[in-house]
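Each of the next two complexes has chain A plus one more chain, namely chain B in the first and chain C in the second.
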Partner chain A sequence: MSDAGPGRPLAHWQHRLAERGIDRQLWLLVPALVFVIALFLYPFFYGLTLSFQPTKGGPLSDYARFFSDSYERGTIWITLRIALPAALLNVLAAVPIAYRMRGRFRGKRLVTTLLVVPITLGTVLTAQGLLNFLGPTGWFNRTLLATNLVDEPVRLTHNYWGVFFSLVITGFPFAFLLVLSYLSGIDPTLERAAATLGADWRRRFTRVTLPLLMPGLATTFCLTFVLAFSVFPSAVLVGNPAGETRVISLAAYQAAYEQYDYPYASAIAMIMGFVELVIIAVVLAARSRFYTGSTGGKG
Partner chain B sequence: MATTTQAPPARPPATTTDRRRRIAARPAAWIVWGVVIFFFVNLLGVVASVLVSSFGKRWFDTWLPDGYTTSWYARAWDEFALLQVITVTLEVSVLVVGLSLLIGVPAAYALARRSFPGKRLIFLVFLLPILMPPITYGIPLATVLYKFGLAGHMSGVVLANLVPSVPFVILTMTPFIEQIDPRIESAARMCGAGLRTVFLRILTPLLVPGILAAAILVLVRTVGMFELTFLTAGPDSQTLVVALYYSMSASGIRAQQSVDAMAVIYTSMMLVLLVVALRYVNPTQLVARVKDEPEH
Partner chain C sequence: MSAFSQLRLDGVSRRFGGQAALTELDLTIEAGEFIALLGPSGCGKSTALNCLAGLLPLTAGSIWQDERRIDTLPPERRGFGMVFQSYALFPHLTVRANIAFGLRMRRLPKEETRRRTEEAVRLVRLEDHVDKLPGQLSGGQQQRVAIARAVVFEPSLVLMDEPLSNLDAKLRLEMRTEIRRLHQSLGLTTVYVTHDQEEALSLADRLVVLREGRVQQIGSPRELHTRPANWHVADFMGYRNLWRGRVGQVDGDRATVEPSGHRLLGEVVGSLRPGVDAVVAVRPEDIRVDGPAETRNAMSATVEVVEYQGRELAAEARTDTGLLVHLRTEHRIAPGDEIKLAIDPQRLLVYPADASAQTDRLADAAGATR
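This part shows the complex of A and B:
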């Protein structure tokens, strides 16, 4: 009886938790949770508090410093000016191409495999290739000169366009494969039903497929945008890191690793995360207005 | 009777509109294929220009280099200490893959099988590191790792690379575990197997394809991950992609061709991984990272 006394309330307590779905199996989650808390949440909040403890001045002075300096403040605009058009172009170009390729055809596996190549190569290698290929004596300019399309080499590296192309080369295949997988998730019988009711392909696309695809497109845009927004290596290597393509991640990097001003770097990183989340929130809010049912094409 | 005779004539109009659509769509098809081919030609040019340059003796203002040589590879191998860099890359990747599987798979199991209060919140927490750009959380993370003396050598690189990898394993494994019939586990439990036996003897063999797919995807991402490694690596813990970045940003000191040779070594390493990966996973899986998130 003596050990039943403490045993009973314990069993009772465990039983009540188990009824709500909490039991010993949830220990399996603990390593991952500890890990995410220690290496993601803690550093994030550490950075957040650090950004309010600048080396000099009041708690908000690092933020004030960022926004009062036009060279620093401008990095937000520079980043958005590169990332938004690149992400938009990638998604918009992916739609018609994926729409055409959604069926089965010979070589589909080859095309999708080839498209994965630039994603795996990553931005650093793409930058190196672009410098060779688009440079003033590269093959691209040589072809333009040889076909008399231009009189002198077009300047496409070490400026805005170099970074833009590197984002298209890595981002377009990414967007395409996502859109393709969303498109193949849409039940093809819906479109056939619309065809039987007399809708031509334009109406079938705009009234049936596109609305079902919209949520997927919004998700694709968000993911492509996140990739483009954190552009760093190509902005340094094929861009003009001192001026035209001094993106916000570069400003954060320079504050941390060149000036060793960690509070300021954290403040820039927080601003960067905030700007990005605002854009994603806007897109996701728009996305929630579309149909996200079980017919596929959902995000 | 009337309906069955009505039904067949309904087919021909459908096929004629289909044929008409195909003719009308022909210019559009040409444009689409033209854009795709233009993209691939440029992509090929980007990759080939690196490849050709790495074999070229001298290549200035001409279509192709003056002569061909393989000496740049030997020079790159020595100049950039590539043996050490590749060893580090492999060590980091293997450690990241192993640890992320060890941490991620049990969590994926709990998330796939159980429902409990706060599950959505936990799922969101696991999703965040994938949705955030690496630089945003990488800088605070590197600051913390330096504070504890973990960054600047390999442990820091491994820890930083685990941050997106563990959630990635969880997100790819959860749907995979969900499709395994829980009755198999119940049957094993009935026969007296404990949680550990169920895990090792029943689940792991069934999960091997999923684990393999997750492992190879994490491997590809870790070898290609630039930002986090860049922020936490010290001089002797650079992976190949970071070493490539440093050699490129310091170009002018080194011959362009030996940087290209290094880029080719990196590319061929990635392509080998890619060929291996594509044996186990669908191309779309390489990019569709959060596709399997539950509906909100």
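This part shows the complex of A and C:
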């Protein structure tokens, strides 16, 4: 590249910066940066440093406290036991429905709306609905009793299953929308090609569509898992917050707002984040084994 | 899959909603033939191919492979190879795995799969690229993978849906020869869809010209080139000069037509009587410029636009009565030149005008005269 000449050093400068992607449009990033710094990075590092400043003991004593107390430590397992199956079920249930719903057909918008509506309800309304429907005197149990299928109400709320259902109801729409968009990103001609090559629908799915969809499923799983792992309201409303659904966010809440021990609460929050990161890292590592390039569709 | 001696399409029709995309296609394909389905976009040629492949159910008619009815079979049980316009290579599989896909689906022994895949790779000259993913290949290489994948399991019929339309001009010519070579050396039976008449003429043994879902003409390249069945086919086969005019005299298979006040003598295709409207069709290369004193079908014209095309010039000229003439010539002409034109009556075809002759480009040619 020739020099711009002595008369135009400024233009030359800007030109070279622009080639590296630095120009005035970068200012557009400022609002996003402000948000990320003020609402994520600052609180995160604040909490992180706080977690190393326990009310008594050395910097790591709050972490040690958490892991030495089996009641506290157990919340990790309790949360994983709810969040992992719920996220897995959400993803697995979304695949066949989204598979059936790609392409255009009459009434697609209506079906999609029905499937997505639970997102708009919020956890509290979902919990309310679950109590009304699945509770001891809810319609579900009344129907079972009336038809003499059971002798006493089946317990589906205020325990593990209540939280699990709640997570499925609120998490499924996310999984469905994501999987649907990943699926429509796969060129439908690929399956047609596979058909002309002699693959029946099962092998078209397992040999062509599924391998191309796997990275998307992994991402979807991570997102729904994170949503489920931070479960809090439904664990209280339709769960058993003192026992089998004492999830980790509840432990952090109790530390912060019942014992007013912010450093300990921060430590629990950090542990919670770390567990999520571990799961996500494992899933993404598995994801990288699949083909993640273009899939030719209109995605 | 078993080879056949004859594949018969019997009244094959397909409708989309209320729209007829393909109407009563009757066609018998002999083993070893290269058939081209030819027509402008939306003429139903791809619909016909998809019906044949089993990717699109028929709304009427049947398809017979010798005495076996196959239009009710799903695509995976027809055993036809298909090359898609977009190639549709599996992006997550290597070139080798793409080509082997059809053999794997047939659960052939590993050793045979390997051997036949290697063979196909050699056939399309992709030995250096077998372990690449399709995304790492050029358009022409992807095209060759798609062809190898479609022929490796020795299908009884190979279907090609505009396979060359995504390639640049030079590559298209090379691949055209390649396809014809493969067809001959492997003894394939091929049905090839294209909108490019030149491609169809050079590749096929027999052409099927479609328009608005209906067969217009079935014939050899020579028949289609020299004697299109109606003026729509003529239009499509490169008869760029289409002039509407009233029929003067009819004398056996000769007739005179008067487009824009010229009196032109030509060969009648179809049936005509004096006084009706006709369409005259002439190829640009059949219009002679300043040739040896030719008195029949002579016109004088002014050159308007000239395009350089190597040995020849393609030009547009307008006659003194306003008729627009497309011509090709080796003479050096320039815009504004006055030239004398002549057309051999044997190269001037006269067709009955149908209702649609009122519209299209014909309206321009005729309308300019009034």
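Keep in mind that, in the parts below, the second predicted complex is superposed on the first by the 266 of 299 C-alpha atoms of A that agree within 3 Å, B and C clash if a C-alpha of one lies under 4 Å from a C-alpha of the other, contacts with A are read in each partner's own complex, and residues count from 1 in each chain.
Definition applied: a residue touches a chain if its C-beta (ideal position, glycine included) is under 8 Å from a C-beta of that chain, and two chains touch if they have at least 3 such contacts.
Bear in mind that the values here come from a model prediction, so they are computed numbers and not experimental data.
In the superposition on chain A, A:208 makes contact with chain C only, while chain B stays out of contact range. Contacts of A:84 after superposition on the shared chain: neither chain B nor chain C is touched.
Once chain A of one complex is fitted onto chain A of the other, the partner contacts of A:187 are limited to chain C, with no touch recorded for chain B. Judged by the touch definition given at the top, the superposed model places A:172 against chain B, while chain C stays out of reach. Contact with both chain B and chain C is seen for A:195 once the two complexes are overlaid on the shared chain.
Within the superposed three-chain model, A:123 lies in touch with chain B and out of touch with chain C [touch as defined at top].
195-196, 200 are the residues of chain A that lie in the contact sets of both chain B and chain C, per the superposition on chain A. Contact residues of chain B toward chain A in the complex are 10, 14, 17-18, 21, 24-25, 28-29, 32-33, 35-36, 39-40, 42-43, 45-47, 49-50, 53, 60-61, 63, 102-104, 106-107, 109-111, 113-117, 122, 125-126, 128-129, 131-137, 139-145, 159-160, 162-163, 166-167, 170, 195, 220, 224, 226-227, 231, 241, 244-245, 248-249, 259-260, 263, 266-267, 270-271, 273-274, 278, 283-284, 286-291, 295. Note for the complex: chain A touches chain C at residues 187, 189-190, 192-200, 203, 207-208, 211-212, 290-291, 293-296.
The part of chain C that touches chain A in the complex is made up of residues 53-55, 74-82, 84, 86, 88-92, 101-102, 105-106, 133, 135, 149-150, 153, 159. The touching residues of chain A, when paired with chain B in their complex, are 20-22, 24-26, 28-29, 31-33, 35-36, 39-44, 46-48, 50, 93, 96-97, 100, 109, 111-130, 132-133, 137-140, 142, 169, 172-174, 177-178, 180-181, 195-196, 200-201, 219, 222-223, 226-227, 229-230, 232-233, 236-237, 249, 252-253, 256-257, 262, 265-266, 268-269, 272-273, 276, 280, 292, 298.
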